[in-house]
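Dropping the structures in below, format is structure tokens.
Both complexes shown next keep subunit A, but they swap its partner, so subunit B is in the first and subunit C is in the second.
The block that comes next holds the complex of A and B.
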């Protein structure tokens, strides 16, 4: 949440500044001096299509660099993000486990499971640019398929 | 689902050891230290993050070594966090309190019987002698165990500790936390070991790895196809310990060893259980042992993937306190507590080409003896079913009720008499539980790929032995499922965890 606030803050600050800069420089083709990183980086429609954002993240109007922070200016070279990026909004794994404790039927809370506790990386199940998977179903296919434990992974 | 309609698992019997002729010297097969710019320096580097790795890591770190553990998967702990958490300890405190008379000789005799006498006895001896030390190590980390000892198939006496949460994670998670808290212990997950770095003498002095490695579960052969990750070199001043597990999920390699294991055959293992680390050890000259001996777990269920929910139910309830019947004959066809190889062979014979899966049956008396969650979970998953009468059970699985009742009555008679003349099940050790008390429980059974018996040869100090010199390869140690020979042709249940823990500890002590 902190990061969202920071983001909104930056947005509120940068947009008027941008406006002023563009005005001052007077041209559409000229780069303004102050700009957020996102605007510097060209994301082609093809790339946007290839790496679609999850609807809940899109709703928040998150930019690409919101997660791919500090990964350079060439999106082609960006890498998968570490879980710190996820946790900058989603707080801690312990917090998630507690908040989602209602899923804990038969010790099956995926965020604090009997097998892994809170050790799992988010991307064991959650993907941003492709469908998420349920890692538990590698062994617990039946429990997952019949929705005994949990529903579709967001 | 498992493709077990293979013509004849029976014929499989003893699969010849898959000796691989890889005669290269250590120096030829690895990255030479000359010209390597290290990204970090450690005393000890461990490949893997399961029982063996953690036991080695904790032991080595507590001796003052700076230890790095690398795990290629995102998940830490590999198969060790998803197994049944069964740990056989010889002459344990629980055996003393339960009045069980055990000995190293007894344990070795049981293991040799299951292992068809090709076991490397000197390593079994180490496991028997050091089991209590391994138990102390995991208890120090915070592992808790179920009050009562379990008596598993093929063991002549009860000697098995069961993790208090019914999973290996009950042992491994406390070990991970313990290791992470040590100031000189580091775990890097998503870090794939590729090659050894060796010095001029051929000594293993470091590793080449790829960090930010993302294992591709959809790839047919991740380690042959995946070029991702960032190259790093780490120095291992005292040496490298291989603890990366077995290769049940390496479809290419397992089929080479045994052409009857088709790609679609299911396994209880995690997807990262592949052979590439062992290959590097072979390249460095390690002796291959019993590579073609690949073990099936006889207690799995064809109605779910992997170990699932039914396996624990069969291990703890149906096989111990109940029976397994051939749906065609309505008769028992094996000693339900025989070793895994014997049981898997008997089951595949029943299953044949027509997926004639055996039906494993027990009663409420059996379920009363086990951890309630095990039954609850498998019932909810629908892989174990509950019936008020034997007639209803027979109807569900298309058995002949009268014939089944007759078979159950015969079995109950054997339990009462304390002797099973038909199949030789040790019914004198099943606490008198007969199949009499409703409701009755049943599940379909199938063996699944579970453990690769073979691997690289280590001596009693966990040093990897070279084919070329017949001596330890300097700087190279190994422990756990990547090693072979110890358990021979087939291991007994609950004997892998003590192997991993003991030899991990031994490697950590000796490095």
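The block that comes next holds the complex of A and C.
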């Protein structure tokens, strides 16, 4: 009987040990290589306040230079970014239009409108550092005001 | 062979047999309950299944490879957590299906915290090389943003794969959600038409069809 107990004891000891070692080995194998941080450009709190980021971008902790790329080290001299900067994450205008394809059923898709197709510039409506505007509402006041057409422009 | 040795041998054999039956049973059970056909039977998620079937993750790619619901929507850090989360979600979904009000769920709102139901450990099971420097992409942007992801990892600002890849796995989900529950009143009639169209087209995937 003693032998049996010893056997069970050894068994209970070996199995968890095996599990742990396999897990540790697997874990080590999967850790990605560390990448050095890019040099940061100093942005004053005043400047941050003057040019606040939209909440969805702030949530991702995007840094200023992700959009203002190649505009030098002095934030005071930075300019408006080209559409390419937006589309480097937001893919293509066609893609953005397809996302709202349900609006096409009434030919009411702001990203594929009856007036401009998919050719509008992003900044006709969307702003980053100040409230966006809804260009459609310049004529179609009622639908926007009554909130039956689309969400608030992000 | 002494009696004692024989006893040990029988004891171990029976143990191994029970162990194998149990583990195979568990494996089989988990495997059978991991696809969209099982999940949709209780989960109120026709728009999700339809948009998944339209996505490369649902088998739309030329090679026909596909991920299953559980590959993204369950944690893959360790087996215990996987099974625990699976069981916990299962019980909650059965409860909502039979005793809750699934129609009242605001899916658009839920998408805002998608990070909590898409698990990076799941994404990385397949996209295992995505954080490496030698990633086979010509996209500088991908490398830049994945580096950003790694820098935030472990900090309080941590983001998930789904934070940016918001529609991965479900192509055109916002459209499908609108077909089933219009965001804005103007589209109500049109969405009803679209919904019927979709239900007919995807019926074979276990989508519910409402006949009039």
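Criterion: the second predicted complex is superposed on the first by the 111 of 154 C-alpha atoms of A that agree within 3 Å, B and C clash if a C-alpha of one lies under 4 Å from a C-alpha of the other, contacts with A are read in each partner's own complex, and residues count from 1 in each chain.
Here is the rule we go by: contacts are C-beta pairs under 8 Å (C-beta built on N, C-alpha and C of every residue); 3 or more make two chains touch, one makes a residue touch a chain.
For clarity, every value in this text was computed on a predicted model and none was experimentally measured.
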A:94 touches, of subunit B and subunit C: first, second, both or neither? neither
First (subunit B), second (subunit C), both or neither touched by A:61: second
Touched partner set for A:139, first subunit B, second subunit C, both or neither: first
Which of subunit B and subunit C A:80 touches, first, second, both or neither: first
Which superposed partner A:123 touches (first subunit B, second subunit C, both, neither): first
First, second, both or neither for A:103, with subunit B first and subunit C second: second
First, second, both or neither for A:114, with subunit B first and subunit C second: first
Which superposed partner A:48 touches (first subunit B, second subunit C, both, neither): neither
Greater subunit A contact set [subunit C / subunit B]: C
Partner chain in contact with A:151 - subunit B first, subunit C second, else both or neither: second
Shared subunit A contacts, counted only where both subunit B and subunit C touch the same residue: 106, 143, 148
Contact footprint of subunit A on subunit B as seen in their complex: 74-77, 81-82, 165-167, 169-170, 173, 176, 189-190, 212, 214, 217, 268, 270-271, 303-309, 373, 376-377, 380-383
Sites on subunit A touched by subunit B in the complex: 79-80, 106-107, 114-117, 119-121, 123-124, 133, 135, 137-143, 146, 148
Residue numbers on subunit A that touch subunit C, as the complex places them: 3-4, 7, 23, 30, 32-35, 37-38, 59-63, 66, 88-89, 98-103, 105-106, 108, 143, 147-151
Residues of subunit C touching subunit A in the complex: 4, 7-8, 11-12, 78, 124, 128, 131-133, 141, 144-145, 147-148, 150-152, 157, 159, 163-164, 167, 172, 174-175, 178-179, 182-187, 190-191, 193-194
